[in-house]
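The same subunit A turns up in both complexes below, where it pairs with subunit B and then with subunit C.
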Partner chain A sequence: MARLVVLGGGVAGHTTATFAARWLGSEHEVVVVTPNAKWNWIPSNIWVGVGEMKKEEVTFDLAPVYAKAGITYRQAKAVSINPEGGESSDQPFVTIEYTSADKAGQSETIEYDYLVNATGPKLNFGATPGLGEGSQLGEHTVSVCTSDHAVHAFEKLTEAIEKMKAGTRQKILVGTGHGMCTCQGAAFEYIFNIEHELRKAGVRDMADIKWISNESFLGDFGMGGLHLKVGGFVVSSKLFAESLFAERNVEWIIGAHVSKVEEGKVHYELLDGSTGEEEFDFSMLIPPFAGVGLKAYNKAGEDITDTVFAPNGFMKVDANYNAGAYENWKASDWPKTYQNPTYKNMFAAGIAFAPPHIISKPMSSPNGTPINPTPPRTGMPSGIIGKTVAHSVCALIAKGENAHLHEASMAKMGAACVASAGKGVFTGTAAAMTVYPVVPDFEKYPGTGRDTNYTFGEIGLAGHWIKHILHHLFIYKAKLNPGWTLIPE
Partner chain B sequence: MSKKKIVAEETNFQKNDAFNLTMIPGAFARKMRTCLIWQFIRFITINIKMIIVVGKSH
Partner chain C sequence: MVKEIITYPTPLSVKYATDVRVFSDELFALIKDLKDTINENNLDGLAAFQIGSYYNVIVVKDEDGELVEMINPRLIAHSGQLTTKESTAYYPNRTAKITRYENISVIYQDRDAKDCSLKASGSVAIAIQRKIDYTFGATFIHKMSKEVKEAFENRLEYDDEVESADYCPTSFKRDKIVVIMNVIMAFMVLGFIVALFIDDSLLLQNIWKYLLYGSVGVVSLDVVYFFYAQYEGKQQNGCSSCQIGNIIGTALMVLFKLSIVMLLSYFFVY
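Let's turn to the complex of A and B:
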């Protein structure tokens, strides 16, 4: 019997574990280690943050789902990996620390034959002074990164709306809280959902809404932007993003590294080296992401974290980490199998893998401050990578170490993305986009780096319907309800 | 003197220099975004496009 241990129960980890459990059957064991008791459909957190959904609508208990799937579930966080085993055995193991109420703080080791690191990110609020401490959200701003954060955000937004109704003008600032953030899409969705809700509440004219982001241009989204075919032209996403902001009267500050957050004020540095301050009454700033801080030790107990993980804490995989300058970057730099190059029985999936470099053009201010989005690896890519890794692990278990590994390079993978701009069955809108491939391949697609026949986007009610349907569809799939394997990632 | 008709969609151009350099949809384009018949057609079309991209990605 082989044992697969999956660290993390988000989109990538849940996908890996559930498919592996299904394909391996009861002959082998799948263990999931995740600090959370509930699964969270994170894309809908923005609707919790504006009060259009309850927390219970975007989460569900993991334990009964894993029991149904025959998966061993440990509500704990992974602390360290010993890929060579310990003093008494060569069997590799992970050390975990329980987070469940009944065993909180207790440690345990779990031996494994195969390990998939799908821990997702550490929400690194502490990277920006005033934004928070470590992975804890601070008191000056709100977040929609977790369902609890989103509930808190809605409480604060409600207070701001009440003030507007009472005649007090409010400044709303939404965006990224550091020069190296990713996930601009979530902030993009939140700012336009706020704008939509303010119009519904009849107080839109009482709010000054502003966007602040580390993107060098609106519509970058951490992918270097995209080009769309519209009306016979091929145009940059910059034009469409700016159009939406202008239409909805949302001003923007871009190329900004938020360097400090205080009560009611952010300090920022721009790509031209200048600095500024922006006051706010309500602010949602996405934190930068980092690895969760897993340590790795060899058989002698020596720290080999630098061998297994990149400096940002994400796990090294089969990517080209020596691509050098931007001019040398290629689509082939991106990983295909997500196998750790040192320990072949370890894989990383979703946000947990270390990308070879960013996707957007690297930029920094004259002061040397890097200000560019880091690569998005959430949603559809996370799910596809999780399933691919599950395929590979199952092949290795069934056929041995020479089994063919499955591949899912982000440079050969597309993504469908629906960004809400307001919720409502008849009044909602969302930007529905597809991009192919996620990582541009300028050798295959000179000019835009992508296939413009499969890269498109438009905003409208249809997009909202699709986002709402996907909400129910993916929660249905994650609960492993009948037919769940037929729903694509 | 005849009264000038104010085009609502164009007023935002004046609010910000950056707004002035982009495009803002007119009344027809905005109406079509929530027109049920048109959006139902777009719903079908977008779904087909997304299924093709999803299919190419697996």
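Let's turn to the complex of A and C:
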């Protein structure tokens, strides 16, 4: 009997664990270690953040689902990995620390045959002084990265709306809280959902809404922008985004690294080296992501974290981390199997794998501050990678170490994204986009690096319906309800 | 080398915004071609697309008339707004009133791949914005409102050489006359339907009388519409939807609908 330990129960980890459990059957054991008691459909958090959904609608308890799937569930956070085993045994193991109320703080080791690191990111609020602190739910700004954060964001937004109704003008600032953030899409959705809600509340004219982000142009989204086929014509995502901002009367600051947040004020540095301040009454700024801080030790107990993890804390996989300067970057730099190069029984999936480099053009201010979006690895790519890794682990267990590993390079993978710009059965709007490949391949597709026949988008009410249907569909799938395997990632 | 400037209707390529990654002789030759073409045609600037390259490169004249080479430019800060009448080599002999930022800050790379920034105002800022738009696949048409854009595209389609942006409005006063005629006819239809369920001959005669009054009113308004619409159409130049064909068609359509109502009423009400 082999044991697969999956660290993390988000989109990637949950997908890996549930498919592996199904394919491996009861002959082998799948263990999930996640600090959370609930699964969260993160894309719908923006609707919790504007009060259009309750926290209970975007989360569900993991324990009964894992019990149904025959998965061993540990509500705990992983602390360290010993891929060579310890003093008394060569069997690799992870050390975990329980977060559940009954065992909080207790440590345990779990031996494994295969390990999938799908911890997701650490929300690195500390990178920018004063940025909304996750555990204490907001110092000066709020966040929608978790359902609890989103509930808190809605409370603060409600206060701002009440002030507007009372005749006090409010400044709303939404975007990224650091020069190295990713997930611009979530902030993009949130700002337009706020705008939509303010119109519904009849107080739009009492709000000055502003976007602040580390993108060098609107519509970069951490993917270097994209060219969309819209209504038969190909347009840049820059035009797509600028039109929406102009249409909704939303001002913008781009190429910005938020260096400090004080009460009611952010300080930022721009790509041209200039600095500025922006005042706000309500602000949601996405924090930068980092690895969760897992340590790794060899058999002798020596720290080998640098061998297993990249400096940003994400796990090294089969990527080319020596691609060098921007002009040398290739699609082939991106990982295919997500297998750790040193320890072949370890994989990483979703945000937890270390990308070889960013996707957007690297940029920094004259002061040397890097200001560019980091690569998005959430949503559909996360699910696809999770399932691919599950395939590979099952193949290794069934056929031995020479089994063929499955591949899912982001440079050969398409992705669909539906970005909400307001919720409502008849008044909702969303931008639905597909992009192929996620990472541009300039050798295969000279010019934009993408196949414009498969990279297209539309904005409208139908997009909102799609997003709402997907919300129910993916929660249905994650609960492992009948037919869940038929629903794509 | 002076290159031919791409003009409308050559469609916008799908291969814009390809950031320059390799700073080679190919890039330097492209920049030289851009400069030669600007000087030959006495332009305020060009984007690489305009001479057939899809690299993210623009060359723009600054306040002193010097040509500034910008590779991978990005507009990252702005303030103020300015509406001016713009022309661009892509649409020869056309102008349009476009609103843009008055002051901008742009970052770019020079030919040595060194990061640079530039602040610009007024006409130079406008020229830079227009050229950066090209590198992302846009012309100034994308800065227009939906209505103005449609009107501009109509003018392009009909090859109208009118220089000023004298756009065809999307609604006319004459449309109100059509609305009134339609409302009267809607009441007439209602009267006709009610008449189908009435046996009282006196009441039927009254309904027929009102239908006649209504029809006279509609015909009179239709005549007023016909002449007023022509007068209003003459106030708009280069406006295809103001043409006599549309006016005649609308007037005849009203008469046709009225005839149907009165014909049915004659057989079932009179």
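Things to note:
Keep in mind that, in the parts below, the second predicted complex is superposed on the first by the 478 of 489 C-alpha atoms of A that agree within 3 Å, B and C clash if a C-alpha of one lies under 4 Å from a C-alpha of the other, contacts with A are read in each partner's own complex, and residues count from 1 in each chain.
Criterion: a contact is a pair of C-beta atoms (placed from the backbone, for glycine too) under 8 Å apart; a residue touches a chain by one contact, two chains touch by 3 or more.
If you're wondering where the values come from, they're calculated on a predicted model, not measured in any experiment.
In the superposed model, A:414 lies in contact with subunit B only, and not with subunit C.
Of the two partner chains placed by the overlay, only subunit C lies in contact with A:327; subunit B stays clear of it.
Contacts of A:488 after superposition on the shared chain: subunit B is touched, whereas subunit C is not.
By the touch criterion defined above, A:452 reaches subunit C but does not reach subunit B.
Of the two partner chains placed by superposition, only subunit C is touched by A:274; subunit B is not.
In the superposition on chain A, contact is made by A:426 with subunit B only, not with subunit C.
Once chain A of one complex is fitted onto chain A of the other, the partner contacts of A:239 extend to both subunit B and subunit C. Of the two partner chains placed by superposition, only subunit C is touched by A:225; subunit B is not. Of the two partner chains placed by superposition, only subunit B is touched by A:461; subunit C is not.
In the superposition on the C-alpha atoms of chain A, the part of subunit A touched by subunit B in one complex and by subunit C in the other spans residues 239, 243. Listing the residues of subunit A that touch subunit B in their complex gives 239, 242-243, 245-247, 249, 251-252, 380, 384, 412-416, 426-427, 429, 432, 434, 436, 454, 456, 458-463, 465-466, 488-489. Across the complex, subunit B meets subunit A through its residues 9, 12-13, 15-16, 18-19, 21-25, 30, 32-36, 39-40, 42-43, 46-47, 49-50, 52-54, 56-58. Per the touch definition, subunit C reaches subunit A in the complex via residues 12, 14-19, 21-22, 54, 72, 74-77, 105-107, 115, 117, 119, 136-138, 142.
Taken together, the subunit A residues at the contact with subunit C in this complex read 216-217, 224-225, 227, 233-236, 238-239, 243, 253-255, 270-274, 326-327, 329, 361, 363-364, 366, 442, 446-449, 452.
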